[in-house]
Amino acid sequence: MPDIWSVYLSGEIHTNWRQEIAEGAAAKGLPVRFSAPVTDHPASDDCGVTILGAEDQKFWHDRKGAQLNAIRTSTLLKEADIVVVRFGDKYKQWNAAFDAGYAAALGKPLIINHGPDIVHPLKEVDAAALAVAETPAQIVEILDYVINGRLAGYTDQA
Amino acid sequence: MPDIWSVYLSGEIHTNWRQEIAEGAAAKGLPVRFSAPVTDHPASDDCGVTILGAEDQKFWHDRKGAQLNAIRTSTLLKEADIVVVRFGDKYKQWNAAFDAGYAAALGKPLIINHGPDIVHPLKEVDAAALAVAETPAQIVEILDYVINGRLAGYTDQA
Amino acid sequence: MPDIWSVYLSGEIHTNWRQEIAEGAAAKGLPVRFSAPVTDHPASDDCGVTILGAEDQKFWHDRKGAQLNAIRTSTLLKEADIVVVRFGDKYKQWNAAFDAGYAAALGKPLIINHGPDIVHPLKEVDAAALAVAETPAQIVEILDYVINGRLAGYTDQA
Amino acid sequence: MPDIWSVYLSGEIHTNWRQEIAEGAAAKGLPVRFSAPVTDHPASDDCGVTILGAEDQKFWHDRKGAQLNAIRTSTLLKEADIVVVRFGDKYKQWNAAFDAGYAAALGKPLIINHGPDIVHPLKEVDAAALAVAETPAQIVEILDYVINGRLAGYTDQA
Amino acid sequence: MPDIWSVYLSGEIHTNWRQEIAEGAAAKGLPVRFSAPVTDHPASDDCGVTILGAEDQKFWHDRKGAQLNAIRTSTLLKEADIVVVRFGDKYKQWNAAFDAGYAAALGKPLIINHGPDIVHPLKEVDAAALAVAETPAQIVEILDYVINGRLAGYTDQA
Amino acid sequence: MPDIWSVYLSGEIHTNWRQEIAEGAAAKGLPVRFSAPVTDHPASDDCGVTILGAEDQKFWHDRKGAQLNAIRTSTLLKEADIVVVRFGDKYKQWNAAFDAGYAAALGKPLIINHGPDIVHPLKEVDAAALAVAETPAQIVEILDYVINGRLAGYTDQA
Amino acid sequence: MPDIWSVYLSGEIHTNWRQEIAEGAAAKGLPVRFSAPVTDHPASDDCGVTILGAEDQKFWHDRKGAQLNAIRTSTLLKEADIVVVRFGDKYKQWNAAFDAGYAAALGKPLIINHGPDIVHPLKEVDAAALAVAETPAQIVEILDYVINGRLAGYTDQA
Amino acid sequence: MPDIWSVYLSGEIHTNWRQEIAEGAAAKGLPVRFSAPVTDHPASDDCGVTILGAEDQKFWHDRKGAQLNAIRTSTLLKEADIVVVRFGDKYKQWNAAFDAGYAAALGKPLIINHGPDIVHPLKEVDAAALAVAETPAQIVEILDYVINGRLAGYTDQA
């Protein structure tokens, strides 16, 4: 068993779900190291041109940034023990679905997190997952069970 | 060089872009075998419950179907020489982005096809591609160039 | 798409389920090549000692045979596009579960076939599958859908 | 040589064999880190619905739990240096055989542990193993020999 | 199941064992394609310097030849379904043991062929094999059983 | 043994060495299928912008073309049995060295072809090769030996 | 996320760019471990013959050294999280392009560093990279962004 | 660069070459962790039957032991950064050649150590190696160069 489980938190960047999970895991003392894409949206969009020089065309502006971000995200996806991908209720979020497919092809255990309203369009993504959770709190419980075997009401006395 | 190149056409199912590519490739006599997901939308949604029995909950109805479809799509993605993924201007299309990520992790050459209006939300997907085309006709030209080395205005006399 | 899909039929050897599937597939004209372990039980048990010399101990008698059979089964599992594993209602059938785990680790699309009475002990095996069927006829329908996109009541007119 | 050898103990959960091995290894001071599936049977059965919500159908109840357990077990199987699988004399234990097949396909050194009465039905599983032991004490001796090269009566003076 | 099984015959080059196997397989009509290293000993030794220029030092003379031979042997080992390695009673035959190790690391089903007098020095090689045969005739029987399921005295009536 | 050996001819595009090899192989009746990058230099440079639209900056002009070419070259490198890379006496030819590194990492048997004047700067590339030839004629002889075991003066009577 | 990111600095050995990057990374406190080929040019050329004995022919002198260096470089390339390859304005530098191809085939995130004057001959190499930088300082900024998410003017207040 | 390089010392067990290398490496302060097969010959021969029970037949006596040893050796070969294989002037040593082939197929950097009298029979093994050394002292020098870049007479002042 890994001393520390590496968990990559991909997807939605407009709520504080990563912090909720981190706090929940800390409260339970879970041996987990979380990682994530760069979640500062403007930095994520502009990193390429800021470091490597401006582009006239939006397409190459985006390309430069997206490829810098891929250095980080592909590394983190490959070294993760577990990949969590959250879909919010707004935006296209194609990068989240891309990460889910990438993780699936690598054979990573995949946990998908989203609300009940988008079950249908996410059915192919969910079908590749080992768990589909609605809330960050459920993900913390999953990690506690998977890592420690703790399940409320069952193993409390253990 | 493969005798026949295997090209998987993933993504959008509401226009006849697959047919355009197939006809264009046939007109040029390209040695290509195309494959695709099941593109009959109701069949694709209901295949699981139709064959394996009804479900009360939409979630499992979808899961059953999506997993049957995954038998087909994962096989085709793995055996493809080239993967093309098209994004239309409607719907979530998370399965298309999932396929793109899956193909990228497998190291497949990836061609993405979409209109100029969705360049920004697709930037991570495009960044993993070896070509980003706007039209099916361009994809036929790419295949002709990649396979035969033919490029209008350059190699016509060859 | 493969010209011919290779489907390995692992597991139970005391009913004619393989023949049912083969006949069903032939009736639909499916482009499928089936393979299977050696299903002649006495030959399968004794092949090692018959060819390579007798053993005093049952353990080595069995080992010799099981390893000869593994030449066949590991080759077939590796070259299969789809792996089907059927569990009957008798015997330990640990070789069937072993094959399912082997196929899962190779990333093969897995279809499990068994009756409703053994759902619980097979839950870990089923959880690795993309389809869980109760009858050979369902497996034929799955293959027809997966390969040809045909689904009764949906794509009949197509 | 790994500083600490990672050994996954799969299979039978109704005797204290894991504890016997752990105590034996501790007594010899072996540099081993053991891991195991969740061995609290009710928790293992119900984890999915407890965390992610109840299911009406037993099949999905089981699926949800088995897939949560698979997050743990697939991770542990992949990171193990050695995989031990024990078969008891009761129950179907298809998950144990599944784990053995999974480990074999990953190329993990496999040690199988079972009594002499089930040699025949386990012959395919045993044939994939590098050792077949009857007792937990033998497994401790194997680990001591494999890791430290210690063998009673041979290397005691070394 | 492969239409044609590819079987690589590595090792001893001073008897006609390859011909015996080929004739035996032909007599049974087995769907097998055999391959082998270059078995003309002087050509095998001198191919490098003959084609690419003479060397003063024996070491480089040998290196040049051995690397040319490796183009052939590594390709054949990788594409084989089954690898057979025969050890004779003379010479060092380290290339045969090297091929056996190479095949084992690739996960190829391995059949070792040698006489009873060299059981002990070959124990590590044999331990990696799925069959240890004493004669070419046994190898033909193994192939017939593995491919066709035919076993004399058992399946003759089938 | 492959029925047809697939040989990728990478590198220098300003002499007719590919034709020499193809003619030599045809004269000997070798069962070889050659493939190559697009060798029409202007087409290779401009393919990206010709098909996908002009670019103001040379950098992106080049990127678009190089990525289209990579669809072809990465596919051919992956499916090749043998990779030949020729370095001429002019130009940087970094793409040739890149292909050699790519092939080496894939474990492909590598034949390097260049004149004696550039032995030193190519030493790392040569060190990864199984043969270093000075002329196309030698490469034909290598293929004849590797595939057919024919070596002038040795196996002529065979 | 790795505690320490492993970054391999391949290529040009005649300027102090590695030191610039190391100093820049140290100044920012980046959790990075850099590695590199042996950059003492005479030692790198002569290591083989110095340790293993002299050679009359330059070709084998070079081969012996290049293969010793490959023990180091292939190990470092395989264990790197990120591979940086710099091309200077002099020399053939085929080893640098070879390393880039090797890293690309391994799926390593690749950063290429070179001046604007050699954009065209490096187009195939650049096309495989996730970033093309002109200066070592940019590489430090990339590492800071990729690892820490820090981007000047964007995340300074975070 | 690994903090500690893992080096597996396979082969000959009748001289103290492993100790010579270990002492040489310690004298230079090399960051190396050596591993080896069990080198106590009687223990290595009898481990299987001692732990798992006696066998009447020498073949199975040997098999049991060889498979226990394989748990150790296959693990060590897989986790090694560098594999060294030494051939003495006595015995068959097929296990050494087997290990060399195994390591070669895994893509491990291979150093072969033997005297000049057995150059010819080892030519295929040597051809797969990145260095062929005659003495343990040379291997220590290789490790010092590969890891630290130190080469006597060249980098002493560095």
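Read from first to last, the chains carry the letters A, B, C, D, E, F, G and H; within each, the first residue is number 1.
What we mean here is this: a contact is a pair of C-beta atoms (placed from the backbone, for glycine too) under 8 Å apart; a residue touches a chain by one contact, two chains touch by 3 or more.
Computed from a predicted model, the values in this text were never measured in an experiment.
*Asks:* Greatest Cα-centroid separation from chain D: which chain?
*Replies:* Looking at centroid distances, F is the chain farthest away.
*Asks:* The G-H interface: which of D-H, A-B or C-D repeats it, judged by over half of the contact pairs being the same residue numbers?
*Replies:* D-H
*Asks:* Hey, what angle do you get rotating chain C onto chain D on C-alpha, to the nearest 5 degrees?
*Replies:* So the angle, rounded to a multiple of 5, is 180 degrees.
*Asks:* Quick one: report the Å distance separating chain F from chain H, using the average Cα coordinate of each chain.
*Replies:* One centre to the other, that is 36 Å.
*Asks:* So the centre of each chain is just the mean of its C-alpha atoms; given that, what is the distance between chain A and chain E in Å?
*Replies:* Each chain's C-alpha centroid was found; their separation is 49 Å.
*Asks:* Could you tell me the distance, in whole angstrom, between the mean C-alpha positions of chain E and chain F?
*Replies:* Measuring from centre to centre gives 30 Å for this pair.
*Asks:* Just give me the whole-number Å value for how far the CA centre of chain B lies from that of chain E.
*Replies:* 43
*Asks:* Quick check: what residues of chain A touch more than one other chain, meaning two or more?
*Replies:* Residues 67, 70, 107, 132 of chain A touch two or more partner chains.
*Asks:* Under the stated contact criterion, what part of chain E meets chain H in this complex?
*Replies:* So the residues of chain E touching chain H come out as 58-59, 62-63, 65-67, 69-70, 73, 87, 91-106, 118-128, 132.
*Asks:* How about chain G: which of its residues touch chain A in the complex?
*Replies:* Chain G reaches chain A through residues 1-2, 5, 81-82, 107, 109, 111, 130-134, 138, 141-142, 145-147, 149, 151-155, 158.
*Asks:* Under the touch definition given earlier, write down the residues of chain H that touch chain D in their complex.
*Replies:* Residues 6, 33, 35, 38-40, 42-43, 46-48, 50-52, 64, 67-68, 70-72, 74-76, 79.
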